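Structure below; questions to follow.
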Amino acid sequence: MAEHYSSFEPKGTRWLLQRLTAAFLVVVLAYHFMLLHFINHAADITFAGTQVRMSQLGYFLTMVLFLIAGTFHGVNGVYNALVNQGLDGTQKTVVKWLLIVAGTLLIVQGIRVAVAMTGLF
Amino acid sequence: MSTQIQEQETETETETEQTSEHQTRRLAEKRERADMRERAEADLSDADEIVRLKIFRYDPEVEGKKDPRFDTFEVPFGKGMTVLDALIYARDHFDSSLTFRHSCRQAICGSDALFVNGRQQLGCKTQLSDLEWPVRIEPLPHAEVVKDLVVDMEHFYDQMEAVEPYFQTNELPKGELEEQRQTRENREKVKMSTRCIWCSACMSSCNIAAGDNKYLGPAAINKAYRFAMDEREGEDMKEHRLNIIEQEHGVWRCQTQFSCTVVCPKDIPLTEHIQELKREAVKSNLKFW
Amino acid sequence: MSQSYDRGLIEDFGRWQEFSAGMWAWIFHKFTGWVLIGYLFTHIAVLSTATVDGATYTQTLQGLESLLLVRFLEVGLLAVAAFHILNGIRLLFVDLGVGLEAQDKAFYAALITTAAITVASIPTFLMGAF
Amino acid sequence: MRIHEHDVIVVGAGGAGLRAAIAAHEEGADVAMVTKLHPVRSHTGAAEGGINAALRDGDDWELHAYDTMKGSDYLGDAPVIETLAQDAPEEVIQLEHWGMPFSREDDGRVSQRPFGGLSFPRTTYAGAETGHHLLHTMYEQVVKRGIKVYDEFYVSRLAVTDHDDPEDRECHGCVAYDIKSGDVVGFRATGGVILATGGDGQVFDHTTNAVANTGDGPAMAYRVGVPAEDMEFVQFHPTTLPSTGVLISEGVRGEGGILYNSKGERFMFEYGYANNAGELASRDVVSRAELTEVNNGRGINDEYVYLDMRHLGDERIYDRLENIIHLAEDFEGVNPVEEPMPVKPGQHYHMGGIETDENGETCISGLYAAGECACASVHGSNRLGGNALPELIVFGARAGHHAAGRDLGEAKVQTGPSAETEAEENLDTPVEPGAIDAANEDVAADGALVEPEEVVEYAVEAERHRIEDLLAHDGTNHAEIREDLQKAMTENVNVFREKEGLKKALEVIRECRERYQDVGVSDPSRTYNTDLIHTIETRNLIDIAETITLGALAREEFRGAHWRREHQERRDDEWLKHTMIAWNDGSPRLYYKPVILEGENKTYEPKIRSY
């Protein structure tokens, strides 16, 4: 039996955010790759270099935003993928919360790392 | 208001009867088939070309067909012959138990969507000359097989009916014999979406529908589109329509795979319609925020 | 009388061969998306060495970079990211309802461009690895 | 025994059935539809042209009625025709209110266009797929109302009491075979059973009708005692694709398409079939011309002629006739921009059918019929384009309302054997028509069955036996019989009819009956046994074919779609009457009843039909 729609919840929010983060990521990811693989070769990365970049507020904020956007985009993408495959019921709830926790941890840890990279604290 | 009384006795009776008669019947069947072959062979000899069909066979209650298999049929080919023509020929000349749905023979009843050479298409609308031979014919994927090429359509119908597939409005004109006005542009806008013949080819081709049984599927969403975009229903109703397709297993499940659009025998731009509804939904949600 | 038979392999056989462009795009996008999110987690883990001290960070990174395998993986990552980005752009266009008729061509273009970017970047990535 | 009970049972879910069910529901009845195809698969979906209704200033129902009467060649009944013309506007607007996507004018109103035989452009349409939209719009309303649909249930027998005189009989339900599970199921109707089973084109081997159009309704009604009316009137369409019967619309000839024979001659002129109108002559003239060419060895592959539109130029073709390109390519494998299209005449519509009055009721109380399977009669000897779809909704609705108890007033049309005014005494048939063993197997013969429950139970039991027998018996394959029957009908009872041919057909039909005695179903399965269904249908085809041929043999004149080589004129003095055939418990009897030409405000005077 087909499920009739039940409670109103704009599912479109996550869909829209997925697109918006994607648009943002295109730019930043391209920049990130350019900067850390082509301008500065990955092999030559040192903490000192990182620290110089991270100490600029603009760059710092961009990277944090990059992290948040990337995490949301990735985690939400994974969640959607699983729901698309018919994940349902309790399993779905469990997976949802697992992903939220993992995503949050990633962001928290990422920010800690970023802060450490500034070398200011 | 229906009385359903199962009659136990007759049922068991017929069952035992069937097994005991089975042998004789199958032998007779064989003889009959040999007869039919003979007649068909006469036809074959003057046909220039023979098309070989590999047809999926399965019947849950007939010995020897319980395990699905492919049967090969050789059918004389003539210009203009369709997959459905070939199936009918095979059934009427070789094996009358070959089972498939068909009716109109002109791509309007939507009953003969089949999986032909790995693609969902209407048997009656597919020229044999456009296909690679031998032609492999299977029932629609992602649907339960009832028998041979017949699949259970209930699930598809349920999905179609879940989107309130009927015109609703609060603003009918008052006057006698007064019709609702609709602009030509608006009719043009919904035109393609109204052409759906419920064949379920799109649903069968969609990977998402295959993975998520509750997904409304392209045809049902298209049906919702047909009404949501019809200006005669009015703004309130559009809001309501968007709520329907915004459900958990509605438009957001679509991953723009386009296979529905590719297979639709009525050339309905399904993906485009789904995408437009997504945008409409986002727009109306933005209004709320 | 629902004794329906699960067609299993019979059904799957021959299905993927006939996938259309949009379906392949979906599969590749999914695959690359998963690789990328997997990488993001690993990436942060590696970078976490920065919380210990600068030297460990530099050492870890340069240690990894000196491994040929890592260099190859990086090329792979670029390929994956390039495809995901390019196809992501394709999908964004599809979402906006732009150029739907050319969606299959856009997919092929994304594939070819990905290949080109990947090949072109090999020298940069492998520089100094040998 | 499974017996479902409802107030009204509608058999068939095409345009007529759906409208009837909605009407009964409007009336507050508990209604259920029983149909062998899912509703949206019905052949109403194939109609392209449009729906006639007098909607606009300058037009009125009387003009519509007049056109229809004239088109019918004065064999339609005036009260029925006038009902059609009066009710059609309201019904069409109703469809519009249900959301049907009609084509529109600039001011947003429903478009109308001219159609053959109409004095005013009153044909409303929805693109080139009017029937599809009509069917789907009404099915949507059925879904909305939650009307129960038993889909893929094949109705194979009516449950009728066992009185001697058909006019005393009552219908209490029907029996259906559940195609998916193989159960034989009873349906008890307290209000009435409405037959809406559509056309019977499968009687011929070449038709625009669907494979499912096997005349089940008329055959069942006929066998329980309802007379078959005007069965000889079958409409043929001159341009259908040879391999499938798909219709190539008159539009091609209208735009300037040309018909050629195998010698490349433009035969409509070359052989003087229609020196003025040429390709644009009326349907029957063109059909006969094509067949004459083929019979005289000037056909292609001894089967068809060419319809050529290449000279119109790509631009014009793509602009006006694009859908024709798709039809020819998809169904015939021919690209009409590069080569001519093969065409031949095909059966298209059956004017005759189950005798009913203007409320859809037959002479058996509780048994109704509407749509193409019925003959009220609106179309008389020839149907005008665009008049069948309004018939579905107008008479579907009336039958539904009446069965659910609404008072529609006394019917003006008399039904049943008592309406007879003249018997056919000297019909010269080469063989006895009717059942082989004259015994009536369709009603219990002892006259004892009158209680509603018993009647239904008996019918279920009888049907179960018949099906068991068919399944257990290994005999002739029905497909052989069907093929021979169809061939004989096309050869002898199509647009060309002559005495000898008709007699020949009766002989073949008799042979088919005899062979049918030994028919068997070789598929032993209970699940989705189409072999069984087609076998039962073949029996119906035989009965219908026989009535068509008998009627054609009896009617010694040329009227409307009925042409006789020996009788090239319309003979109003003698033949202004309906041909009726009663099954008469197995030994068919022909008789006549008068045509009603007295309308509400005027009497229609037969005139020579010329346009």
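In order of appearance the chains are A, B, C and D, and numbering begins at 1 in each one.
The working rule: a contact is a pair of C-beta atoms (placed from the backbone, for glycine too) under 8 Å apart; a residue touches a chain by one contact, two chains touch by 3 or more.
Computed from a prediction, not measured in an experiment: that's the story for all the values here.
Innermost chain of the displayed assembly, by C-alpha centre distance to the whole-protein C-alpha centre, is B.
Comparing the CA-atom centres of all chains against that of chain A, the greatest distance is found for D. Of the two chain pairs considered here, A-B and B-D, the higher C-beta contact count falls to B-D.
Averaging C-alpha coordinates per chain places the centre of chain A 42 Å away from that of chain B.
Separating the centre of chain B from that of chain D, both taken as means of CA atoms, is a distance of 26 Å. Computed centre separation for the pair chain A/chain C is 16 angstrom, with centres defined by C-alpha atoms. Taking each chain's centre as the mean of its C-alpha atoms, chain C lies 61 Å from chain D. In chain C, the residues that reach two or more other chains under the touch definition are 1, 91, 95. Residue numbers of chain D whose C-beta contacts span two or more other chains: 180, 526-527.
Along chain B, residues 60-61, 146, 161, 255, 278 each make contact with two or more other chains.
Contact residues on chain A toward chain B in their complex (touch as defined above): 1-6, 8, 10-16, 80, 83-86, 88. Listed in rising order, the residues of chain B touching chain A in the complex are 155, 158-159, 161-162, 208, 211-216, 243-244, 246-250, 252-253, 255, 278, 281-282, 285, 288. In the complex of the two chains, the chain D residues touching chain B come out as 1-6, 30, 37-38, 40-43, 45-46, 55, 89-90, 93, 96-99, 101-110, 127, 129, 132-133, 136-137, 140-141, 143-144, 180, 210-212, 241-247, 327, 329-334, 464, 468, 472, 474, 477, 479, 483, 521-531.
By the touch criterion stated above, chain C contacts chain A in their complex at residues 30, 33-34, 36-37, 40-41, 44, 47-48, 50-51, 54-55, 57-58, 61-62, 65-66, 74, 78, 81, 85, 88-89, 91-92, 95, 121, 124-125, 127-129.
Across the complex, chain B meets chain D through its residues 1-7, 10, 14, 18, 21-22, 25-26, 28-29, 32-33, 36, 59-62, 78-82, 85, 91-93, 96-97, 99-100, 102-111, 124-125, 127, 129, 146-148, 150, 153, 157, 161, 164-168, 172, 177-184, 187, 190-191, 194-195, 197-198, 227, 230, 232-233.
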